Every structure is written in structure tokens, then in C-alpha cells.
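Chain lettering (A, B, C and D) follows the sequence in which the chains are written, and residue indices restart at 1 in each chain.
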Amino acid sequence: MAAPMPKSVRNIIVADAAEVGLAKKKCDFVFSAFELPDKQAVKELEEKYAAAGLPVVSNASANRWGPDVPMIIPEINPEHLKIIVEQKKNHNWSNGFIVVKPNCSLQSYLTPIFALNRAGYPVKKIFITTLQAVSGAGYPGVASLDVIDNAVPFIPGEEEKTEEEPLKILGEIRGNKFVNASGLIISAHCTRVPVADGHLACVNILFKNKKPSKEEIINIWRKFKALPQELKLPSAPSQPIIYLEEENRPQPKKDRDNGKGMAITAGRLRDCQIFDYKFMALSHNTVRGAAGGGILNAELLVKQGYIK
Amino acid sequence: MAAPMPKSVRNIIVADAAEVGLAKKKCDFVFSAFELPDKQAVKELEEKYAAAGLPVVSNASANRWGPDVPMIIPEINPEHLKIIVEQKKNHNWSNGFIVVKPNCSLQSYLTPIFALNRAGYPVKKIFITTLQAVSGAGYPGVASLDVIDNAVPFIPGEEEKTEEEPLKILGEIRGNKFVNASGLIISAHCTRVPVADGHLACVNILFKNKKPSKEEIINIWRKFKALPQELKLPSAPSQPIIYLEEENRPQPKKDRDNGKGMAITAGRLRDCQIFDYKFMALSHNTVRGAAGGGILNAELLVKQGYIK
Amino acid sequence: MAAPMPKSVRNIIVADAAEVGLAKKKCDFVFSAFELPDKQAVKELEEKYAAAGLPVVSNASANRWGPDVPMIIPEINPEHLKIIVEQKKNHNWSNGFIVVKPNCSLQSYLTPIFALNRAGYPVKKIFITTLQAVSGAGYPGVASLDVIDNAVPFIPGEEEKTEEEPLKILGEIRGNKFVNASGLIISAHCTRVPVADGHLACVNILFKNKKPSKEEIINIWRKFKALPQELKLPSAPSQPIIYLEEENRPQPKKDRDNGKGMAITAGRLRDCQIFDYKFMALSHNTVRGAAGGGILNAELLVKQGYIK
Amino acid sequence: MAAPMPKSVRNIIVADAAEVGLAKKKCDFVFSAFELPDKQAVKELEEKYAAAGLPVVSNASANRWGPDVPMIIPEINPEHLKIIVEQKKNHNWSNGFIVVKPNCSLQSYLTPIFALNRAGYPVKKIFITTLQAVSGAGYPGVASLDVIDNAVPFIPGEEEKTEEEPLKILGEIRGNKFVNASGLIISAHCTRVPVADGHLACVNILFKNKKPSKEEIINIWRKFKALPQELKLPSAPSQPIIYLEEENRPQPKKDRDNGKGMAITAGRLRDCQIFDYKFMALSHNTVRGAAGGGILNAELLVKQGYIK
């Protein structure tokens, strides 16, 4: 972190994550940001917290594909929280449960796509190439020797997450479990570039039926508001999707902090030779795409009474 | 240039490009690398040299779309040089003529695509996102403030060149002028990243008819040889397309100098969710994509008797 | 600028700087940030504004060595403003005058040195090596090809400014003109590194007489307050010199924004094998070192009644 | 490494360094590049190899201060190899021994200083600030998040090595052990910058007695040859010190590969306000400063009969 540690957090107790009992005594709920090689261990630890009666708001990927675990972007699928009732029932948990957020690589483009879906223009095919920042790999993460004067055309597991997680997020609950959205296919290239923060996505989209005009799309994006804005969640950006007219935007350095790092910035909407349109979109990967996204999920859970 | 000026070139005369007469006395042919805002001026200057009896081997874009000007990648369309006869006739030029090379942004992926076409697997749709090096913008070119901790999602004119120039290169001469390849569509995003040299392309391809297996494609690429290799042109890479198995390659810093900067390095061939395959490809933008490409064109012209 | 243009400034009139008459009608005073190759032209233009009755608060270097022009760092030499009376008299100006700020490269280390001088520990010899950010060269400034994977060991004119300007700032008014500080010698290396903002200085100091202990120095720095703090000037940092104990600080990215970019961050005070001590110091070159420094000068001039 | 693994080395056996017996069977001598946190373990392992009869040519720091271990820069102190006889006697080793090279941070400036000493102009005080490349920290080494848009003003242990190791190298053997050079003091700042390879040093020097003119110094440097050049060691650069007249050189990217990475490039010799002169010097930290330096030591040992 660039800024010094704020005084308000200097007295927070740091303890071993295995001490679930201590957490139970001291916490109302927990954030999980475990990214261990052993995903099974993470899965079990999060379940242990839930079993102890603690809501788990997770950024980790271990539980993302649990059939009764909601993977939430609050602007897109807040109604997926309803599955929590089933989840508790399935595990016989009284108060605890697990809610997760998706991978950082899809945050930039999925909300703009959803906005179009919701406005009556369902998208059926998406090509994406991401230019991802090094902070996405954590710290120490990417070696400086690998990115000075270089780009890396591969991030383990990232293309799969980018292609698959949107299907669950845009899917629905049917018979007590999640069913992926049908009629949507995504194909992704994920690359790493020498940028500290901010994932940029180059996107090509094909609509299912009729296609809106460029003006309509920009209008849909600029007017897009959803539950976090209605509920005035503290971390919710007042304008979730910012569209810039300048032809050389969005840029990571200039646009990642829009909406305090919680807004998506789009630009360069133009005709595509093959699909309907192409555009660029950017989101701050460690704010909207990680910690901030987790906090927004927690705020939603509090506001809707899941966390008391 | 990193290396000091070699002794062998220290006595070369530097003169005003407008002195066509001097060039006529001293040169057998000329390289043109004019990239002026005024394209018309470049076009006319190149024509003045040709009119003076000097073959012009150009890297500039001004004459690329001349209906009788061949745009050559020697591995792909050397037979397009036949149009020179027409070109001379049209302008009433005795010895002079103009041959151009295409833009640097398409060098990475077009030879691999052509290799597939030639092997009986014509490609009909291509999505491309390029991550381009700053040297592509010349010197001083991109301001350091624009690329330190940043990427720029726009390069003026670059997407159009990337989408359109391949159609001429893969096209044919019909009735004394060029006709674009039909049945091929390309859609491109072009971005600038903080890399000094080496353009990386993320590519998705759809075949026209049947699709080869991955093994077949890799085999086609690795065995690909063309006229420059047969003629043993001095600057021709012995292996024009190098395919790397490592999942994190090609990388600009590690692969741009392959084949002395004249080879294309491909990697990450994998199934595409929407099209048939996706892959990455890289070429050195100032060697294969600029000066080296021009030299290879000149070598071809000499070998084939167009330049004496 | 990363952030979009604030609404409050969108209606500001942009006019040709040569229209001194317009400025006279619309402005109470002017900021000058002319950095033209022709310094004489800048000097004359600033004088034209002053002659027109407008106080000129300048970041430019053209007038820095005028014998009756105060070169101000408000924490160090606010009393130099007294020369304004002489300056007006010399030029026969009624209300206009010129006040300048020094070069950005010395802002990081000069206030810490001055704090020691003021505390009774005059410094007599200083070695400095600066690692300067590219924004110091303006926009487009340094070409990206020059700083990707590189450092440049030369910045035109910068070492001279770094060595000489402190002598005027620490000097005194004697008989209506400035006399340089005697007994202080500075030797500087100035280099450019691939950092967007924040100049870092590596400093070695030798005291004139007795030397304070490390604890004393740190204490002097941390307690240092001066006129801008007493006057509570809006842009004045509440703590002008921040000293960090961590052995790997200050760092440009982490510390340049301290005190809203107006504080100096020092660190790594340690014994020197040859002189008394060595330390590192950092300041934000476009805030404290440029625009912010000019604004602080203007605030001081307003508060002290020079600008009405 | 950017280039693919050369065929010639693909069959080299990779074994656990603890298998000293295997090395004894297969090797004539060993290179040591152990840089473990536990220096004592490295020291003992190197001694184990020597005890087994194997000459150890080490880049590691563990044995650098052994009173009978020569720390060699072949152009400077090849006569220090004479201590090997004592070293063997002290340890009761028959064929094995240990020779080390110094730290990479001093390679850029020490040979130029030595050239002046040897020419009759002993230097007595040196201020140095280094701008060091990230490859000096090994791989993965420096985290990309720490150097994108940043510089780090601290490298553990580096300033001590930079200040102390030259004293041994320039020292002499007296009574069977090394005695540091007297009359020389060095004070260093060591910083890390976003450069892949090439350490740049900003140097200020004070001569002991008379000072040569700038022309003399440049002449001394350009004409400097030493034992490696006389013996025509394969890795020895024909010109060990290259002096460039351009005012913005040496630069890491442009000059690190001079002399195949084994030459030192100096520049910007100019008067110093406090000492006699200041200059810049650069060397390739992973070639001359690490592997290449070790190889040159081995070549010297072979040529002089220490390794058979």
C-alpha cells in the first residue's frame, strides 16, 4: 500500500485463520481472501467458519462453483442471495453461510454486457482479450524481470474463469441450485502487462436478436443503475458505468480510480467487422475486482438482513 | 539504436530527400521510410524517385493502396511483383517503380494464417487484439508519461490497416490491377503497451471449410518455407514461423529477436469457444515489421532481376 | 492529468499569453509557467505583465537570477519578499512584480538542510544524486523509448540549477540586492529514471561546525514548522518534513503524495564514511516542485498583502 | 534468459550441490553461485568442494572476507592469486582452493579508479550513488509492484559491500594475508531502479596528490589494458574501459552490452564543485558483474596454471 497504515486499523487483532473460535467470539462475519495452492483446504476452512455461525464473504475462488453458493456482482445478480436459505439447509448451518465474488478479469466487461441484456438486448457471443495489471497476481506476484519491457501472454486459470464465471452470474436459480445462463458463449485471451493496477478488456459482442444503435448503447450504459445504487450502499459508485468519448480511453492509469475504484469505465464503442460492436472496458482489479467488490457484497448482505 | 554506429556506415552521405538528382547519380535504388502527416507529399516524392528511374522500396503507407503497387511480404505474395510491369507502363516509367511493405501490426499473424491457407485450410474470419510496442510510433513517439504504469487502447489508423491490408496481400492480380481477397474478414483491436520492441497479437480464427487438428497446424507452421527460404535471401529467416510449446510464450522480450528479428514466433494454440482456434503470435516490429521487411523486399527484387 | 477536468475550471477563458491587456482586465495576478527555449522572451513577457500592474508568480527559470527577483520556498526564505519594494522601484512598476520558485530538483533536500541550518547546525558541503521522474520534463517530454528498461544520466541544465539556486535561496538581501549564501558548496549528479512523478535525492552532508546526533536531526525535521504553517496557508502541509523509519523509504510511488504532494519525505539517515551523514529525500516534482509550489508562493503573497 | 537453451548445454547433468563426490568425479573445477540466507552454509559447502580437491570459482559473498581468499577482478589484482598457496597450506588442501569475485555494484567504477591509481594518480575519496538493475536481485527477485513507476532507495547489504570490498581488492598481501588498501575511503548510496540489466554509478572522486586533466583521464581510460588483455583471455574485452563523449551516456539499455557485456562504459567526466571530478560509469551486472566475471576469473586461473 502506498499510504501509511491508518490509525483506525492499527489495533486490529491479527490471528491465525485457523482460530475459528476466536473469530466467532470477536466477529460478526468474516472476509475471506485465501488464495492457497490447495483449493480444497480453502473450501473447508471457509465452510468451517460458516459452520461456526459466521457469514463468509469471500474473494477466494475455492467455493465459486458450489451449486448453492451465490457468486455476486451486486449490480447484476443480487437476487442470487436467495439461495442462502438452501445453502444453510443443505449444510445444516444456522447463521453461517458463504457468498463469493467472481474473478477480477471479468468485472470490466460483464456489467456493461448485463446492462444491455437488461435493456432488452441480450448478447450471445463475446470475444475478450484482457490486458491485466500485475497487482492481480498479489505480492510479490509477478517478477519485475518478467514485465520490464515485456508482456506475458498467459495467466494460469484466468481464461477459464473469464469464460465460465459469467455464465453462473447471469444464470438463475432453478430447483434450489444454480443453472448457468444458456445462449451465451465467451472466448477469452488473458495477458499480463506492465501496469500496476487496472484490468483493460478489448471486447467484441454479437447480439442474440436485434442490435441497438451506438447511441442507444451509450445511453443504456450511462443511465444504468441497479440495487446498490438504489440502496445507496456506502461503496456503491453513483454511476456504475462511465462511458468516455475520447478515442484513446479508457486507460488504466487515468481511469482506474473512477468512482473511487468501483466504477467501470468504457470507451471506443465502434462497429465490428464480424460481430455487431467492439468496445474497451476497464475496472480497478484490486478495488472493484477484489477488496472493494467483497466489501460491496458485505454491504448488500447487511442491508438485506443476511448479516445482522 | 543501442549499439554505436558501425564504421561501415559512417561515410554514407546524408542529403535532403528532395535531391532526387543526387540520388539518381549515387544510388541503384532507394528505401523510403517517409512517414509524414502529409501522405500526398510522400506519395508524390516516391513517384518522383520512380520517375527518375530509381526503384523505390518503401515502408511508408502513402502508396500502399495504389491499384498497381504491390504490397509484399516475401513469404506470402512474391508473385505480386509481376504488377511492376503494369505499373511502369501506367506511369510511363522506364526503370523506376514502387514496391511497398504492409504495416507492422499484421506481420505477426498474417504469415501463420497464410501458411494455413496454402496448406488447404483457408481461414475466413479473424479476431485480433494487438499489444504493440512503443517503437512502432517512431522516435520520440509515445511520451513516457503515457506508458509508465499504463496501456493505451488506441493507435490512430492502426486497426484499419490491420483489417484491410491483409486483403490486398492475400488478393490477386486480375486484369492489371489488384483485387482484394474475398471471403476473409478481420476485426481488430490495437493497443499500445509499455514494451520497447515486439508486437504481440492475440488471434481467434474460423476456417472456411474443414479445420485441421492442432497437431496439423503446428506441423504446418513449423515446416512452412517459402520463396525467400528457397532463394536463400540473406535476411530471410531459415524458419519463418517458430512455434513454442511453453504455455507462457511468445513474449516480446524473449522472442522478438528470434531469426535475427525476422521470424514470427507463435504459441498457445488452443480451442476457441466460439471460433475454431485461438493462438498468440509475435514479430519484431522494427525488424520484420519495418526496416528488415524492407530489406527483404529489396533482396527479393534483386534476386528476381527487378533491381539490377 | 489522470482525473477528468473538474467542472469548476471548465469555464476558464484560455487566451494567448501575449494578450497582456486581457489579463489585466480579468486577473488579479498571474501564474507563469513558460518554459520556452528562448529564455529572453520569457523574461520579457513576465516583465510585460509586471509592467502592466500584475503580480507574476512564476515557475519559469527565466527570471530566477534577477538580482532583485526573490526565489522563494515559503518555508525557507519568505523574508526575501521584502526585495519586491526594490524591484518595483528599479523597474518603476506600481503594482506589478515578479516572484519565482526554484527548480524542482532541489525541493526534496533543501528544506531538510535549511531545518538543520536554522536549528544551529549549518551545513557546508552537500553531495547530491537525484533520481528524477519523467514528468519533470513536461509533456510529451521524455520519449518512452528512452526510459523503458533504461535510465538517462543527464538532464540539460539540471545540475547547475541544483548546485546554484540553493545559494540564492539561503542567501540574504544586502544593499538592495541578493547576495548568495557563502560557506556552502553543492555538487550534483542529476539522472532521469522510469518513474512518472516524484524526485528522489541521495544526499551526503558535512556540517560547518559541530554535528548533531541522528536522533537530534530526526527530531529537528519532525518538529520543523515555518511561516506557511504558522499562517495556515491553504496549500501548506501541516508537517513539511516527514521522516520514515523504514529502511526502504522514501519511495516515489509510496511517498510522493504525502501532505497532498506538498510534504518532503526523508529517510535512511545514517553515518557517512566521508562526510557526517547521508540520507534520502523525496518530493513530488509536479506538486511541491512545480504547480503546488507556485500556488503556495501566491498564498503567501496574498496573506502578506503583496497581492490584493 | 531471453534466448532458448543452446543445444550444447542441454545434456549437462543437473545434480544436488551437496553431492560433492559426484562433482569430484565429473568436474575439473566448480563455479559457485550460492546466494543463500545462511552464509555460513555456503562458506562450508564451498570449503567442502575445495577440500575434495576442486578449485572453486565463486560469485557468492560467503568467502569474500576470508583472510586468505583472493577477491579478484582480473584487470585489477591478478597478483592476489598468489595467496592460493597459503590458503591451501592453511586448510591442508592439496588441489582445491577458493577464489571469489566481488559484488556487482562496484564493477562499474572500480576499474576506472584503478586505472587512475596505476597511472600515478591515486584516488583517496569516492562518493558513489548506484542505480542498480533488478536482475541483480536474482529471479524472481524484485516484485514488479515495487518497481513499476517506482525506485527503491535500499538494497540490503549493498552499500557495505560497495564501500568495503574495493579496499581488499586494492589492498595487498602482507605476511600471508590480505591487508586492506589504506588511504582510500568510499561512501555509497545504492538504489534499485526499473531497469532489467546494467548498474549505473554516479561517482565523485578526490585525488590524493596532484590531479590529472580531464584529457589525461580519458586518455588513461581509453588506453587501459591489463593482464586479461595481454593473456588474451577468451572473455576479456579488448577495451576494458570505453569512454563516450555524448553528454547523455552511459545508459543501461544502450551500453550494457559493450564488449559483450564485459566492458565498462564511462562518460560525463566533469569538474566537481567539492571534489576533483565527477563521472558516470556502467557495467552489465549479470555479465561482468556476475557470471561473466566468474568465467573471466576461471580463464585467468587456467591460463596461470592454477586450474589444470
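Assume contacts are C-beta pairs under 8 Å (C-beta built on N, C-alpha and C of every residue); 3 or more make two chains touch, one makes a residue touch a chain.
Remember, it's a predicted structure, so these values are computed and weren't measured experimentally.
Peer 1: At the interface of chain C with chain D, does the proportion of residue numbers present on both copies reach over half, so same, or stay under half, so different?
Peer 2: Chain C vs chain D: same; shared/all numbers exceeds half.
Peer 1: Among the chains, which is located farthest from chain D on the basis of C-alpha centroids?
Peer 2: Most distant chain from chain D: A.
Peer 1: Decide which interface, A-B or B-C, involves more C-beta pairs in contact, and give its chain pair.
Peer 2: Of the two interfaces, B-C and A-B, more C-beta pairs touch across A-B.
Peer 1: Could you give the separation in Å between the centres of chain A and chain C, each centre being the mean of its C-alpha atoms?
Peer 2: Taking the mean C-alpha position of each chain, the two centres sit 44 Å apart.
Peer 1: Let me have the rounded angstrom distance from the C-alpha centre of chain A over to the C-alpha centre of chain B, please.
Peer 2: 40
Peer 1: Using Cα averages as centroids, what's the distance between chain B and chain C in whole Å?
Peer 2: Each chain's C-alpha centroid was found; their separation is 49 Å.
Peer 1: For chain C, give me the residues that contact two or more of the other chains.
Peer 2: Counting only residues that touch two or more other chains, chain C contributes 148-149, 194-196, 253-254.
Peer 1: Can you list the chain C residues touching chain A in their complex?
Peer 2: Interface residues on chain C, with respect to chain A: 1-3, 148-149, 196, 253-255, 257.
Peer 1: Quick one: in the complex, what on chain A touches chain D?
Peer 2: So the residues of chain A touching chain D come out as 134-135, 139-149, 194-196.
Peer 1: Looking at the complex, which residues from chain D come into contact with chain C?
Peer 2: Residue list for chain D touching chain C: 125, 127, 129, 131, 148-154, 163, 185-187, 189, 191, 193-196, 200, 202, 204, 247-254, 267-268, 272-275, 278, 280.
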